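In the two assemblies presented below, subunit A is common to both, partnered first by subunit B and then by subunit C.
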Partner chain A sequence: MATDLETVDAARPPSLRSRLTALLGRQPLGLLFAGPYMVFLAALFAYPLGLAVWISFHRYFFAAPGAQVDRPFVGLTNYQTVLSDPAVRKSFLNVGEFLVINVPLTVVLALVLATALNSVVHLRSFLRTSYYIPYVTASVALVAVWLFLFSQDGMVNHLLGPAAPKPSWLVNSGLAMPVIALFVTWKQLGFFILLYLAALQGVSKELYEAASIDGAGRVRSFLSITVPGVRPVTTLVLILATITGANLFTEPYLLTNGGGPDGASTSPVFVMYQRGIEQGNPDVAAAIGVILVVVVLLISLIYRRVLERD
Partner chain B sequence: MAVIETRTPPVVDPDPGPPAGRRKPRTWPGLVVLLLGALVFLFPFYYMVVGSLQAKPDTSLAGAFPTGGLTLNNYGEINSRVNLAKSLVNSGIFTGGVILATVVFGVLAGYALARLQFRGRGTLFASMLLVQIVPFQLLIIPIYVMIVRSYGLADTYLGMILPFAINSTAVFIFRQFFLQLPEELFSAARLDGAGEFRVLWSVALPLVRPALLTAVLLTFIGPWNEFLWPFLVTKQTGMQPLAVTLANYISNIAGRASNPFGAILAGAVVLAAPAVALFAVFQKHFIASDLGSGLKG
Partner chain C sequence: MGMLMRSRTIAATFTALALGMTAACGGGSGGASTGALTAKGPIQVWLSNNPEEIAWGKAMVASWNAANPNELVTAQEIPAGKTSEEVIGASITAGNAPCLVFNTSPAAVPQFQKQGGLVALDGFDGGAAYIQARTGTAADQYKSTDGKFYQIPWKSNPVMILYNKDVMTAAGVDPENPPLATYDQFLATSRKVVSSGAAQAAIWPAPTSEFFQPWFDFYPLYAAETGGTQLIKDGKATFNSDAGAKVDNFWATMYSEGLAPKEKYSADSFADKKAAMAIVGPWAIAVYGKDIKWGVVPVPTSTGKSADQIYTFSDAKNIAVYTACKNQGTAWSVLKFATSTEQDGKLLEMTGQMPLRKDLATTYPDYFAQHPEYKTFADQASRTVEVPNVSNSVAIWQQFRDEYSSAVIFGKTSVADALSKSADKATQLAGQP
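The block that comes next holds the complex of A and B.
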């Protein structure tokens, strides 16, 4: 996109102006406009990211502001501490259980509901809003209702009568994590429906018409046109749902009263909070964080390999 | 991570409507399923309100459809246990600060990313996308070290706001909207001698007003609903936003109240109501094409 201005500039001998242009770009004012955001990203994203890795390789403890303290390099010691800690391993297994329930449920429900939403004529706005209202509401407020619904004497157990699980949902070590997984699926589903709705606008209508002429039914069209048509978004949904799962904190903290019963619903972030802030070992907590991110990255790569192999 | 691509500018038409198929598809089975699903999705909200109005918790099925005996006592109860007004003010300042910083600096950054050629633009754009997939929770330990320990910003609004100050998704939305304006508009204004700031303020900004509302809504739900960060950064109850106040009430104090669930649910209604109301009123501005535009693979 060569403008007249550039042509003129190129003809002249290099002036101060053109050297500045080479250094800062044609519109250096952009640096000023984007400056605050750049500083923000550098100070509150890039620097902490590096600091997290740095802390995880040092013996780090909290000190008063300004105090000079020795923080020796300890290599992989923190990682050894973390990996040999049964509570940490339990928390990773818990999140694994969470993901196995939450991720497939999220993908299937979001795509099916988005497809249905895309085809209805009436009540579209009402329905769409109904589905994303949990997404825009605070977890703390929603956890309050779920506590009420799933408590020992709650409505869910009343409905189930003798079929109610014993011990009750949130204090049952086999059920606490599945309830959390269901909660998060319900809370986040609306957002993923919105993503799929956007993706569905890009699937050619002619394909459906051609399929319908060829005698394909609804299910057939869904499986052979919709599902492959939105596959890139499915990868995105998988990755985002996994990140959400890896970030789990509020639900184990409040819904199951601190990862209970007996650590059956702890999450890595919850253990990070316990080890790092409560017990004052930020180095160990930082190592958990680094491992968590590496695991999430690996899972994301696997998704991409599996879904985009053709 | 090449999952996020940006070629497609946002669709201007807010709601593309049902597909204008030549054949009339039968839509009622889908509609029935969707209505049942919506019922399941909305029931907890209804139950939240009903539970907050019950004098005594009635967890039977009939209790969900009370015919009388409703009371506002639970709201008085939670208000006497925690400082509801102060918590709401704290939530408001936290959220307002984030929205203000996001709108001011986010619009400037989005404009620069879309319309100005400067060194580092590509890197900035890539960083903006990267931020959206790195979990914030990874950063809580170093950010806690920085803000609480190094800068001594515990129990301050600034400490609460800083990590959320500029919402990257909002920057992205601004960029997409500025990007789809025609270039002639800008070159004409510049030829008339308008400075870049004036072009942004008088030409571009009025045209992207819908993006502004979408971005504000999207930014709102972050700090208003956030629990972990304000929970870590505030120890004084007088500084805690409502989500933290309510969570502390649930985990510490609730057992002592006469109707603990009633009081908790009353607090939950107060916390949920602003978000639900905003999104019910402005639902047209929070839709797939606005958000999904940047996320199409």
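The block that comes next holds the complex of A and C.
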């Protein structure tokens, strides 16, 4: 009998209700709540990304509304132009150097400082706020401070005296990008400390007590309990720091005056600005952008594979 | 479940991307809306954002509006942005550019023209004739490659060497007649300034990598050395030459000996007396005149040409009619009004900038009699060189600057290699659409 009913049910066309459920899910109200953000994502992320990909395969320039312009499909020409441009290749190497310094430094400092802040009793709020202030301060204002510190006649060189580097920090091809990496690390640190502080609340105190009874010291507890305990956040910090770093623009633009010295601190986004906005070649700029997105996605995937193997 | 979720996420991502690309394909070109060249009515204009030009612009507009109540002009400063060119370029794309911009950079004109943002002034009744009658043969530098005028040459700031007399005196240099005519003299004077400690730098041109920086170090000296040759002539780069090498080597010596610093000064080095000299136009008189005892000489040449033989960079700003303008007839009338003998005189009076008209000194003899300090600049204004009006102008200047930075400022590559590489690239870019 049951078999007969099942046969009948299977043969019957799905009702309107079941089709709606299949389409909208069991809680259609959720779509209503998610809708505005989906529209936001579609308008401000999906559409521009799609447009950038489309532009990168065409000869494209910004034109007045109604102007008769030809925008032919050019295949991979823009990508060939980009990959054969020494300035673009250099910018990717520069940002690679930046990430190699910035990302590990960010993770290590943020975790260590968050752990230290988590254990202090006095002045906790003051210290948290202090680390967070650079993050919420405009880069333009902070750059002025760093120029005061690291320029030729800046405070750092005055303190170093004869040991000051020559050429000075910001006009030294070997030091300009490390200085920028340090600047960005310092500026962003407050945000990542907050992420780690939140994660640390989820690590059970009993684990530390048990480790202490077993004779583990602070360093052993940190390495064996804290580091694995906040691993999901470490993945997040790595990905966010990489994305932020890959979008480097303000610092080369202001701190080293347009990617100087001699292009040692240009970044892909800075070259995109030059090619796309200043020189009127958004097709080439879009190709750089698409390559950058792919590279960042690949790096993020590697992070996830390596850190979330379990 | 996880696999299903991931598949859905990937599918959603690609759907969103596809939607974006589909929407992108739908955008783009359409029919041009150039507006009627003879249409009359209210118009909007943008002014540069320095106080002197705003004051002149408002007075000019008030004067026009009083006489033309049916064709009212509304003026505002160019909206804030990294550069005026970026703002204008964006407004062309958005279709909300004003009718006239009294700050159109000649270097940006090819790009604006390519965007379909500019109206050819030859289309107005007597357009080209008016421009040529006002500016003379110098107007030809502002013609586009199709032979038309998409800008009216408006005003120049011919670049010269301004020096601080007190600093020169402190350095043991005759402040009334400092030896700055030849490269050797300029270098010797610079060495005296720096070694005496009279100033930290002899001169401090911005050693930064913006595309327009060559206009204030290489290009004025190149114009002087070559007797008025543009960077590109007949579609080919001209600077891979003996003259180009001499100019590059001069600046390379200034940088390598520390006479010109390699790091940007974050304020005004001349105003702060950190540099003995500055390479500037006549606008500087109003800015420095009260606080600094200054003198002015033409830019140096290798052989020390006489002042009346020396060319320099014009640093001109022009006026253009934009295609978004509906009442282009009024725009053209306002443009002619704003560049009339009377308004040019007021511009000169209020800003110290030189209207780009032939016989400037004889047109306004009273002004120059009352302001002799501007006479030298007015004389120089008759011998100026503009940036070449070629396609990919900004890209050409940017790659030139990059090579120059590498060879001249930072000494990483040889001057000969930099000039050769840059010239090849410039010629290639000038030949592209």
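Basically, the second predicted complex is superposed on the first by the 268 of 310 C-alpha atoms of A that agree within 3 Å, B and C clash if a C-alpha of one lies under 4 Å from a C-alpha of the other, contacts with A are read in each partner's own complex, and residues count from 1 in each chain.
Here is the rule we go by: a residue touches a chain if its C-beta (ideal position, glycine included) is under 8 Å from a C-beta of that chain, and two chains touch if they have at least 3 such contacts.
For clarity, every value in this text was computed on a predicted model and none was experimentally measured.
In the superposed model, A:Pro36 makes contact with subunit B only, not with subunit C.
Once the two complexes are laid over each other on the shared chain, residue contacts for A:Ser173 go to subunit C alone; subunit B is not touched. After superposition on the shared chain, subunit A has more residues touched by B, the comparison being subunit B against subunit C.
In the superposition on chain A, A:Asn257 contacts both subunit B and subunit C. By the touch criterion defined above, A:Leu49 lies against subunit B and subunit C together after alignment on the C-alpha atoms of chain A.
Of the two partner chains placed by superposition, only subunit C is touched by A:Arg71; subunit B is not.
Contacts of A:Ala63 after superposition: both subunit B and subunit C are touched. In the superposition on chain A, A:Glu278 makes contact with subunit C only, while subunit B stays out of contact range.
When the two complexes are overlaid on their common chain A, residue A:Pro28 makes contact with subunit B while staying clear of subunit C. Contact with neither subunit B nor subunit C is seen for A:Ile299 once the two complexes are overlaid on the shared chain. Comparing which residues of subunit A touch subunit B with which touch subunit C, the overlap comprises 41, 45-49, 51, 55, 62-63, 65, 144, 147, 151, 257-258, 277. By the touch criterion given at the top, residues 16-25, 27-33, 83, 85-86, 89-90, 92-95, 97, 111, 114-117, 206-211, 261-264, 266, 323-324, 392, 394-395, 398, 402, 405-406, 409-410, 412 of subunit C touch subunit A in their complex. Listed in rising order, the residues of subunit A touching subunit C in the complex are 41-42, 45-51, 53-55, 61-71, 87, 144, 147, 151-152, 167-168, 170-171, 173, 257-263, 274-275, 277-281. Residues 1, 3-4, 11, 15-16, 18-19, 21-23, 25, 27, 30-31, 33-35, 37-38, 41-42, 44-45, 47-48, 51, 57, 59-61, 63-64, 105-106, 108-109, 111-113, 116-121, 124, 127-128, 131, 133-146, 149-152, 162-163, 165-166, 168, 171, 196, 200, 221, 224-225, 227-228, 232, 243, 246-247, 250-251, 261, 264-265, 267-269, 271-272, 275-276, 278-280, 283-284, 286-289, 291-293, 295-297 of subunit B are the ones that touch subunit A when the two sit in their complex.
Residues 23-31, 33-34, 36-38, 40-41, 44-49, 51-52, 55, 60, 62-63, 65, 113, 116-149, 151, 153-155, 157-159, 186, 189-190, 194-195, 197-199, 201-202, 205, 208-209, 212, 231-233, 235-236, 239-240, 243, 246-247, 249-250, 253-254, 257-258, 269, 272-273, 276-277, 282, 285-286, 289-290, 292-293, 296, 300, 304 of subunit A are the ones touching subunit B in the complex.
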